[in-house]
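Presented sequentially are two complexes of chain A, the first with chain B as partner and the second with chain C.
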Partner chain A sequence: MVAPAILLLLAFFFTPVMLTGVFAFTDMSTSTGIGRGSYVVTPTTLRRLGDRGLGADDAEAISAASYAVDEAGLAAARDAGTDAAFLADIEERLTGETFETARDFELALRDLPSAPRSPRALKSAADLFGQSLVNHRFETRDELAEALAAHAPDVAEEMREALTDDAYTGAVFTTENFTRLATQPETGRLIANTALYVGATLSLFNVGLGLFLALVLFYMPKPVTGLFSTLWLLPRITPVVLYTIMWKWFTWEDGFLPILAEQLGLPAFNYMKGSVVTAWMTMISLNGFIGASFGLILFSGALRAIPLQQLWASEVDGASRLQQIRRVILPQLRWPILFVTSYQTLSLLSSYEHIWLTTNGGPGRTTTVWALEAFKTALSNYSGNLEYGLGAAMALVLVVVGLALSILYLRLFRFGDLVGRPRIEF
Partner chain B sequence: MQLHLDNFTKRFDGTAVIENLDLTVNDGEMLALLGPSGCGKSTTLLSIAGIYRADGGRILFGDRDVSNLPSQRRNVGVVFQNYALYPHMSVEENIAFPLTVGKKRPSAEEVTRRVRETAELVHIEELMARKPAQLSGGQQQRVALARAIVRRPDVLLLDEPLANLDAKLRLEMRSEIRRIQLETGITAILVTHDQVEAMSMCDRVAIMNKGEILQIDAPTQMYRAPASRFVAGFLGNPPIVFLDGQTGPAGRFEMAEGLSLPLPSRLAGMPEGQPIALGLRPEHYGAGGGASAAGRVVFVEPQGREMLFDVEAAPGIVLRSIQPVRDDVGIGDRVDWPVDTERLLAFDSEGRTL
Partner chain C sequence: MMTRNFSTLPLVALLTLVSLPLMVMYGFLILDTVTDAPPGELWPDRFTLEHWRFLFDTSVVGNVWQAAGNSLILALSMMVIVLSLSTTAAYAISRLHLPYRRLFLGGILVMHAFPAVTLLIGVFFVLNFTGLYNSMIGVILVKGALMLPFGIWIMKGFYDAVPWEIEMAGVQDGASRFTVWRRLILPQVKPGLVALGVFSFLDGWGEYLLPRILAPGSEMTVLSVFLNELIAGDQLGFDFNLFKSVGVFYTLPVVLLFIIFQDRLMNIFGGGTKG
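What follows is the complex of A and B.
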């Protein structure tokens, strides 16, 4: 029994978490790819190294092109359609020569008998023989190091090393993601949004509405209650896409709510995307109505478990309905309330699909929560550069927060006590 | 405070459980509502408490008509069979609860004082900090009683308060509840289907059957002079034996099975051939009297101080006798024991006492 359980746990929980954990410490993205990278020095690389002390002269030396008349250059010139006579001259007279600067090479070219007269044609022909490290793709580290040593021997050894490291295009291990999360101002807003989303949905709907409905049903005549509680299950059993589309219909410009509002003389617009406040209200309600049935069912069960005589006793003792609820019923619903709170906190923290399908975090990024941002960063965004590493780091933060909360809730539940001592002694 | 039910009627879904019931409980009196299961005792009690609404008639506390008041405003104390203590509150909080809800609440010191006073009255001072789950059945019972009387209710209602206790505790709580009721002087109704409980605890007993009160009397009076065959059968343990037959010649009673006894002298003038039933209590057989009945002992039940004998006096007719313990009689022995004919009860064919 234990072995399969551990295997399943490994396969479906630890492996994803481990992978997330590993990816979180890389800078893996669409541009690095997920395979092995190669070595390319780009102008960006040089600029970055400039910040780390690469002198302007050295940068110049590395990026400087040299000109060599060799097979590759001749072939490139032939392909580019350079005049055949001119090409023949170059091959005959200059093969094997190299020039340090464009100017030297151009002067040499001009001296050839069939050289074109226009300086522009001369220059473009010269360019074809140019060789530069910049933007050239080297398969291995050694190739780049060799080329650098040959091309810019004056640059300091350690600077060349640093350049080689930086030129790697594949993913590398880094704590950059966490530094970025810890420092960017966006993080603060994401946390605030997430707290607002979880807090409001939980307190207003999952616990608040659930409790309210359970109490109303408890005091209502029995025949009504069955149908009523089934109705509240609908949001949960409706497929997500259908449910969100219904909400779109409900809130768009020509939808039910705005038309109703118009009749009443209230502002009517696309509530889901039209303003920050209505977007939040839409998002919280549509998520809340799904969770309300969960609380409703749990609280209803707990209410029915309270002996009727206790309620009679409280009435005889003089307690009003409200006092009865507050002083006799609610204290006895403490565990179900705590359970719904903890369970729903965890599921709300990690849920983003309804937000993604409706407000999509908008307008702007005002309703973007942590999980949605993680999903977008890593898996779905318009810029096309998916930052797997950063996304994984965000997901890892969620996992850690979730685990911490779970442990806290288990403490609160005194879970050990509950499972530790059997009620029936053997 | 005097409690008065006037033409009280209660229906459930159209079926009348109690119809046109009249009942008066005197100020400071403790009355037992005694009857078989399902006869409407709890229904009556819960209607007095205001948990059920009367469908007809009036309920009066003194001069106050409370028929249409919700239970919150009736000022009654109720002890339920399962105690119905609030499990999340300590004993102290449970007792204080009635003082901390409702319209006029006493000050905090007053609450503490009255809770302590009540706890002392029911002897649970040292349990104040415990939760109900940490109490024994008898202790819970005391807490429930304390909670019911802390507000000095006009009426105290007890619905089978002892049903969940073991025999010894039941005996102890019986006198405790009575002591507390006497000390506080609260008018009280005790619902029970245990006749010993009803007779030992209450000033008067009301016997109920099928939603009707058959007789209200002091326990001894009711035992001695039941108004009907049902009441006679309900009171007494071991129970009375009924003998169905008819009046014969010369003031005698005769049964088809062959048993014949003289009628009590007050009935000697009855005409011959009337169908009647005699009731013979076990203590009136085998302890002296003007006539005798012979038979064979078929069963002996020692009860410690006393012994119960079943004597087959005629085929199918078993008389019961309770006597101080004796070793000289065993199963199968023939006996000829006296019958105290003057103490015989007699009923007509409708079950009315003659």
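What follows is the complex of A and C.
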């Protein structure tokens, strides 16, 4: 009965975690592609190898073309529209022959009865039979090694090895991603941004505002409570796209706040993207409003669970509302507060959807948090080169933190109580 | 009833002040769909139904009904996956002697607490290797899988609340465990099924990230992506009243479902969602 569920969880929870872990140690990107690469010697490869001691003669030998009249060459010539009679001559008289230089081959071609007159036509026909290692795509390492050995036997064995390694286009294993993360100054700023975002949203809104709303509404007459509870539930159930559109309307120029500010004579601009301070305020409150409703629901539930007799007793003893809240209610809300804090830390750490759709980390990169940067590095940026490896490394950091925190929380919230044993033995 | 040894009015004022942004945003969300304001003004000066033209006229923003249909397919298929897999799996871990039951339950809990969005990059690799990238099937499977730990956990809670006596009586009368589950237990957890079903439907309906990232080239544009393209696309200028009208059209089913199932949903809202 659990098999289908396990299967799906394995495919989309377990495997992604594994793959994130593996690919974090590769340099996989758009240019290497996903999956197996192939082997291509390019002029760039030769130049790179030249810096590592590949002689000019050797490079010449590798990139030099040779000419062989074979099936492939004939087919290429036919596709290129070479004169049929000329082609028949080549096939009849020269099949199986090879020529070291272009000059030799062109001479041989000129002797054929139906050869074209112009040297240029002759040369372009000859080119069709040329074979070069350079820019040819080999599927496996052995194929390239073999071709190299046949083509340029004079090049030293080690040099050929190095060339084959360098010619690989696919991703290779490396710890480069982590060295880069550990050394680049950008990392520090990302961490600082993330800490500010999580800390401010959590303390001001998820816990602070949530608690305030829950406490105030607890003491309010029923109609007021109902009205405000519904209002604060709305951000939670509004689909994210509409919610962000509302915030754009609220903060963009020609939107609500700037128009209001203008009428009041205050500076009016695009508050979401126009300045660092307002961008942060927008980002924190738009996430915080959703978080506050989570806190409100949870704390309200916990408040209703407090026996009313305790509140009556404190009132008989002459406690004011504030004293009642501080001495009676808050101590009993310790666990809900801890729960909201821990649970929401985790989801704020990893959430970026709202930020992506609103400030998108701007202006500049001032509101970019770790999760957003990982996502943009690997899956969505405008430069077009997606660095899957680096993105996976950044995601891996989050995965490890996330796993550690969730296991820690489970200990904290007494996992053992939740797993009683079944009472029927089959 | 408690005494009123404090004054309500300042607190209500404070409450209103704090809630003002939300009131403004949601108030104008509704107001703006049927009115027009002169440029640079806050208050509308005339009533119009022009913003709703997109419902009949595909030249305004494209075909919203088709996008809505696609969203419906996504949300419904995901709901079916979540419901069927979590009712079975949750029963097994709630009531049967499974090997590694504790480990499995712990795993489910960790996965439930674990922020699933961080897996997106890994999921992207999986879809690429399995060839499901850029297809709505991939999105549905991923969305279903990511919701599964939550579903299993919620359903386990409902199963745990069913008295063992019902089950024992069924077994006593000679029914197999499967029959007991289907005939006796499932009817008992129906409130849970309804709540989870509505909840996962809403989740699928609101989803934006997965279809946008995992199936960017898919023929099936869902309503969330459709709506965001409008504002990102720029070709309409920024006609927020139009965006809001499309947005309200998009959110109407959510609000309706919520009103109908409010009480049952609140049960799982408290313990469940992330955000």
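What we mean here is this: the second predicted complex is superposed on the first by the 267 of 426 C-alpha atoms of A that agree within 3 Å, B and C clash if a C-alpha of one lies under 4 Å from a C-alpha of the other, contacts with A are read in each partner's own complex, and residues count from 1 in each chain.
In the analysis below, a contact is a pair of C-beta atoms (placed from the backbone, for glycine too) under 8 Å apart; a residue touches a chain by one contact, two chains touch by 3 or more.
Just so it is clear, the structure is predicted and the values come from calculations on it, not from any experiment.
*Asks:* Once the two structures are overlaid on chain A, check if chain B and chain C clash or fit side by side.
*Replies:* Pair status: fit.
*Asks:* Does chain B (first) or chain C (second) touch A:Arg327, or do both, or does neither?
*Replies:* first
*Asks:* Have a look at where A:Glu146 lands relative to chain B and chain C in the superposition and call it first, second, both or neither.
*Replies:* After superposition on chain A, A:Glu146 lies in contact with neither partner.
*Asks:* Looking at the overlay, what does A:Leu349 touch: chain B (first), chain C (second), both, or neither?
*Replies:* second
*Asks:* Which partner does A:Trp312 contact after superposing on A: first (chain B), second (chain C), both, neither?
*Replies:* So A:Trp312 meets both chain B and chain C here.
*Asks:* Looking at A:Ala371 after the superposition, I want to know if it touches chain B, chain C, both of them or none. Which is it: first, second, both, neither?
*Replies:* The answer is second: A:Ala371 touches chain C but not chain B.
*Asks:* After superposing on the shared chain, does chain C or chain B touch more chain A residues?
*Replies:* Between chain B and chain C, the winner on chain A residue contacts is C.
*Asks:* With the two complexes overlaid on chain A, what is the closest approach of chain B to chain C, counting only CA atoms, in Å?
*Replies:* 5
*Asks:* For chain A, give the residues common to its interface with chain B and its interface with chain C.
*Replies:* On chain A, the overlap between the chain B and chain C contacts is residues 312, 315, 320.
*Asks:* Which of the residues in chain A end up touching chain B in this complex?
*Replies:* 307, 309-310, 312-320, 323, 327-328, 331-332, 334
*Asks:* Looking at the complex, which residues from chain B come into contact with chain A?
*Replies:* 46, 49-51, 70-74, 76-78, 80-82, 84-89, 97-98, 101-103, 147, 151
*Asks:* In the complex of these two chains, what residues of chain A are touching chain C?
*Replies:* Within the complex, chain A touches chain C at residues 1-2, 4-6, 8-9, 11-13, 15-20, 23, 34-35, 209, 212-213, 216-217, 219-221, 224, 228, 231-232, 234-242, 245-250, 252, 254-256, 259-260, 262-263, 285, 289-291, 294, 297-298, 301, 308, 311-312, 315, 320-321, 343, 346-347, 349-353, 357, 371, 374-375, 378-380, 388, 391-392, 395, 398-399, 402-403, 405-407, 409-410, 415, 418-420, 422-426.
*Asks:* Taking the complex as given, what residues does chain C use to touch chain A?
*Replies:* 2-3, 5-6, 8, 11-12, 14-15, 18-19, 21-26, 28-29, 39-42, 81, 84-86, 88-89, 91-98, 101-102, 104-107, 109-111, 113-126, 128-129, 141-142, 144-146, 148-149, 152, 160, 164, 167-168, 171, 177, 202, 205-206, 208-209, 213, 224, 227-228, 231, 238, 240, 243-244, 247-248, 250-251, 254-255, 258, 266, 269-270, 273-275
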